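Each of the two complexes below includes chain A, the first together with chain B, the second together with chain C.
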Partner chain A sequence: MTRAHTSFVIGAVISGLVALSAAVSLVWTPHAIDTLNVAAKLQGPSAAHLLGTDQYGRDLLSMLMVGARTSIAVALVAVGIGLGVGLPLGLLAARRGGILDEAVMRFNDLVFAFPALLSAVLITALMGPGAFNAILAIGIFNIPVFARVARGAALALSSREYLMAARVAGKGEGRVTLEHILPNIASLLIVQASIQFSLGILAEAGLSYVGLGAQPPLTSWGRMLNEAQTMMAFAPQLALYPGLAIIITVIGLNLLGDGLRDLTDPRLRRRTA
Partner chain B sequence: MMQYRGSHLRAAALAGLSVLAFLGAGPAEAAKTSVTLGVRLEPPHLDPTAGAAAAIDEVVFINLFEGLTQVDRDGSVKPVLAESWTISEDGKTYTFKLRDGVKFHDGSDFNADDVKFSLERGKAADSANAQKAKFEQIEAVEVVSPTEVKVTLKQPVGDFLTFLGTGDAVIVAPETAAENKAKPVGTGPFRFGQWVQGDKVDLTRSPDYWGTPVKLEKATFKVIADNAAAFSAMMAGDVDGFPIFNAPENLPQFAADPRFAVVVGTTEGETILSTNNAREPFSNLKVRQAIAHAIDRKAIIDGAMFGYGTPIGSHFAPHHPAYKDMTSTYPQDLEKAKALMAEAGLANGFKATLKLPPPTYARRGGEILASDLKKIGIELELIPLEWAQWLEQVFKGKDYDLTIVSHTEANDINIYARDDYYFNYQNPELKALMAKLEATSDPAARNELYGEAQEIIAKDAVNGYLFQLAKTGVWDAKLKGLWENAPVQANDLTGVYWED
Partner chain C sequence: MSPLLELDRVNLSIGSVPILTDLSLTIRTGEVLGLVGESGSGKSLTALSILRLLPHGSRLSGAIRLEGRDLVGLSEAQMCAIRGNAISMVFQEPMTALNPVKTIGAQVAESLVVHGKEDRANSAREAGRLLERVGLSGDRVSPQRYPHELSGGQRQRVVIAMAMACRPRLIIADEPTTALDVTIQAQILDLLKEIVREDRLSLLLISHDLAVVADMADRVMILKDGREVESGPTTALFRGFRAPYSRALMAASAHVPDRLATRVQPQTRNTLLEVNRLVVDYKLSGQGLMAQLTGRQGRLRAVSDVSFTVGAGESVGLVGESGCGKSTLARTILGLQSPNGGHIRLDGEDPHGLTGQALRDLRRKVQVVFQDPYGSFDPRQTVARAIAEPLYLLPELSGTEKRLRVSEALVSVGLTPKDGGKYPHEFSGGQRQRIAIARALVTRPRLIVADEPVSALDVSIRAQILDLFARLQDQYGLSYLFISHDLSVVRAITDTVLVMNAGEIVERGATGAVFDAPQHPYTRLLVASAPKLDAVLAARATREQVNA
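Showing the complex of A and B:
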């Protein structure tokens, strides 16, 4: 197995496990997290509570599983916004060129000029805290990322013979883009999506940590960290577990992205085949 | 050889020690004359006579503004701008002898005209005073001489002198009253320094104060809303203390640190699940009783406040002599609660909203309450609000189902008799009782009436009664003179000093 394979497999396994636990939490968690049992608060690990309980006596493992759901949902929709708006914009810019290209790319530069997380804080501060606004804030900053990747890749393909052949055969620009360009840049987009996805999870955690993301009673890893802050001295596990969950998930997604890139890169593919 | 080297080392160590000793004995030995206290909430403005926010009183009352009387640290009433007073036989006329030689911070003299102005301003049609109803009990204010004022009441008011000793009844000057929100001018031992919005309010010692000059030259109230930031600020020494520290879970850590003193006292804060009695289905007594039966007070005190707080069963402070323990009126009993829900025709439960202002007790208490009420079929949507939004929507707009808030004014059970209050509670019996209470000044008889009132509202389950907020203070162990309890909304700095 090559290095690319290894990181792909490890990344896929980690990401898969996180996604699986989030999916399972939709129908089952070890304990219900909306029924509090204060009498059982801040317990250590036990058979009943594998990771112990939080300050309200909720099962930490169940909290992490439900938290994964929030993180994944926010990151997924944010990537969806970025892809949904950024991709058509990028392709359009590449095909039409001229003023439209200039406008799209300068707009991208403008958005890029602001540090993404800072702007997300700005947006949520203006529109009010909440998971929905967090999704929007993160999603908006995914738009130029995808627009730029799509445009760059599409331009690189534009002078290929098979595209010319397709045009000569009478296909319109729309069909050429859909049937020939899109499939050829798909792998790049998938890799970019996996990277943006991990950034989205980080951004959601960051926003929730400063109190601008998920609001009670919605559980998220960032919110768990936020609530654990004042209890660090006597219950460090409250911060440790969500922190580890974020780190592991982000590493998993990055390995997955790296592996995907290496596996789909034609030059590498030729060498390792 | 070894010995030789040893002696050298010892000499070096000694030299080092003496340097340390010198540094220690160095410059900072003059007693500190400034203090920085952390507060969780920034006051919306600085005029205590024009707003209900406790954050205003906690900065300016007693320190900057004074009244005729003042509620002291033990809850007793002491004379301040009034030197003495006499009360007529029928309890309707108060004649105040005013202190001579008192000056406002702008240099103008304090006299009977200012008293007349201030009291009449409180009851005026356009009064913005949070206690306007109290001022409306005043029939007339008559200036007898520059140092004597006669106040006539419509009917005897039992706790009139206590009321005059709260932040709502401070004396302001006609020339400066309009500007007090941004640039307060009072007669207190501190004058206004500056207000850096979002950051801090500075007060400085008033050079021409009429009473004992305060030991502090400067006092700063620093706004730190975030619990974790508050903790770091204490640990780093950026602030000298928090009269009320908002994260009770950190108190054991402070207590274990010899640099700090943790002082847990009482407040007048009845922390309650305020209920919109005019709104379906909360207008139904059975639903309110069901909610009362579903509440687990111990879980809320332990879970939200880490054990700091005393359970209450009515709207009254447990440390008050008239307190009646009503906590067993509706003990936690889920079966009974469900039965009551069924009797109300809501066996399948219902959905409602719970609006939560920023304090820890509300945000954390809200999560626990939502879990409690879910057990009897009430699905609560938690809506976190900032204070300004809360005041606008809930307190003024009465647009809410349920909310959690601490009512920190002393002996405020009379709010249940107010027509326009946000509980939307109407009970002629209680109104009659409160009217009788107002007309009674004998303490024993008053306590009797207070007891009856506690019983009525407890049985009516007007609101969910949770716990009496503790005053969880933490400050530098060398800082002396801050209040242990909070019988009135204030952070009195007049007796505060640094111990050497």
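Showing the complex of A and C:
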């Protein structure tokens, strides 16, 4: 098996497991997470509670599964917002150039100037805390990232003769962009999306940790870290599990993005086949 | 006299691929050795073997002796003391060989300081002297300038100054003039000759161009697939090649395809393309937002008042150096760029005045072949899809008809329909250029604009592609607008020629007549600068007789 295949398979397995556990949590979790059982608090791993329980007696494994749902949903929608708005903006800027390019890129600079956390605080101040507003803040932060990647990559291709050949074939600017530029910058976008996805999970964790993300009873990995911090001294495993979940998911997503990029390139595909 | 550099049965392989096999050569002091070969012959890797700048996974064996000292066993640190010092190198692409963020003076001075030849204070003065030596005197081109402020020829002079900085005994020049225009090439070759003569340097000149090597080298070696084909003193070698490969190479470089089209009387042709007083301006870029908003931008006139016609079945050459506006003219004819004045009539209609179906109908009559066989295909499209792209102009065709057209086009350029399922990177440069021609043929056009279509190809492949152009013209009655900087190519394939300089057509006429008796001073310079093998060999023979 080649390197591209290896990282793709490992990444896909990890990401798949995380996604699967999130999906399963929609219909079934080992224990309900919205009922407190203080009598069973801070238990170690056992047959009943595979990873033990937290300070309120909730099953940690169930919490992690439900948390995965929130984390994935937030990161996914945020990447979607970034890609959906940023990609067309970046392509437009690269292909039209001139004043439009300047306007789009300066707007990007403006958005970029505010860290995601600051935007989240701003949005929270206006609209109140919650998972939706966290999505919005992270999504807005993603827009200039994708716009820049798309613009830069499209500009690098802009002098290629096959674009001119397509124009000679009577294809318009938009069609050339869709048929030739988009597929050729897709690999870059895939990698960027996987990075932004993992950053989204981290950002959601960060926002929830400071109390601006998911609100109780909804849980997320960041929320779990937040709740674990007061118990750090005598129950470090409460922080350890969500922390590990975040790390493993981020690594898995990065491997997946790497592998996908290599596999979607026909030049690399032939060599590795 | 003992040799300065001696390669003794050098073998090189990268991974499991053998690159050089039992290669032996010697270069004496003050001698120029020309190394000739087509791409993949191992000539550049010979140079990199001498400098030990080989890629990872290379295995080098045999002996490379510089003044009797074997370089193969030396450590990296010992090689660093030799590179740029005893042996230096001039690269093909002068822009990428220079650091864009350092002044040219600083870059020349740097090599002096690195090898401890001068301290920092003196190195700047010495750098100025070296730049003056290569023709960049301080009053015209200050050492404080940056590479992007210089022309291609000036940059190559800077690279040569850097190569000379530490008074090396050997300079390796790998295709030093291939990226330059012919008039500049002649100047740079003269400069190299002068340096070799005055400093009694040795030069290893690597080139694909037989005429350049015949002009420069005392001895020539021809390489193929990493093996020596033959070698000898230049005049004797060129007088009678022994190896069939050398003879084939020689024949290919002077190849003129047999064309029926030349037998047609020009008067009987109908006009297919008419360009009348065409003017194309460019907005100068690199200006700020304010300039764009206020519309106060500079303009550059790329094409200035150009008029000519191309008859049906005629082949017209367009010759000029980089930046003369020939590609802009081509783009305007293809309808990719709007003219600022004048007009174009293609088959009686103006491509810039039409829209919709009428424009598509007109566009299918003119197609294009580009220079770069690597950049002209979308790497993510199969060959069949790439060839089918212009069929977008013929929406009335069914899927089956389109596939049939693609197969026909592939067969007509000497490939098979099965090749359509492959990707462009699976083909060689010559095959890709065939695919590019197939893409141009698929709409059954009347005119093909070919923008330097054979410039990136080896001579033997170039001969094949020129034959293909000639055959297709006879077969389909095509007209060509053949754009090239290479006079021999234009001469081989065109009936009439236009010479373009600074956006204007300075001379026009029957191709043979223009090149044999050029009238305009620029055409004369162009013709005189182009290296011609026969003339070079004759001059060399005379010189050697005088010396004897």
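Rule of thumb we're sticking to: the second predicted complex is superposed on the first by the 236 of 273 C-alpha atoms of A that agree within 3 Å, B and C clash if a C-alpha of one lies under 4 Å from a C-alpha of the other, contacts with A are read in each partner's own complex, and residues count from 1 in each chain.
Operating definition for what follows: contacts are C-beta pairs under 8 Å (C-beta built on N, C-alpha and C of every residue); 3 or more make two chains touch, one makes a residue touch a chain.
This is a predicted model, so every value here is computed, not measured.
*Asks:* Quick one: on chain A, after the overlay, do chain B and chain C clash, or do they fit? Just give me the call.
*Replies:* fit
*Asks:* Quick one: classify A:Gly98 as touching chain B (first), chain C (second), both or neither.
*Replies:* So A:Gly98 only meets chain C here.
*Asks:* Contacts for A:Ala165 in the overlay, against chain B (first) and chain C (second): which applies, first, second, both or neither?
*Replies:* It touches chain C, and chain B stays clear.
*Asks:* One more residue to check, A:Phe114. First (chain B), second (chain C), both or neither?
*Replies:* neither
*Asks:* Who does A:Pro183 touch here: chain B (first), chain C (second), both, or neither?
*Replies:* second
*Asks:* Using C-alpha centres only, what angle sits at chain A with arms pointing to chain B and chain C? Round to the nearest 10 degrees.
*Replies:* For this superposed arrangement the angle is about 150 degrees.
*Asks:* Please state the minimum Cα-Cα separation between chain B and chain C in the superposed model, rounded to the nearest whole Å.
*Replies:* It is 44 Å, taken between the nearest C-alpha atoms.
*Asks:* Sort out for me which residues of chain B touch chain A in the complex.
*Replies:* Residues 227-228, 231, 247, 249-250, 252-253, 296, 298-300, 302-303, 363-364, 366-368, 370-371, 374-375, 382, 384 of chain B touch chain A in their complex.
*Asks:* What residues on chain A touch chain B, complex-wise?
*Replies:* So the residues of chain A in touch with chain B come to 34-36, 38-39, 41, 55-57, 129, 215-217, 229-231, 233-234.
*Asks:* Going by the contact rule at the top, pick out the chain A residues touching chain C in the complex.
*Replies:* 98-99, 102, 160-162, 164-171, 180, 183-184, 265-267, 270
*Asks:* Where on chain C is chain A touching in the complex?
*Replies:* 289, 292-293, 331, 334-336, 359-360, 363-364, 366-368, 370-372, 375-380, 386, 389-393, 423, 425-426, 436, 439
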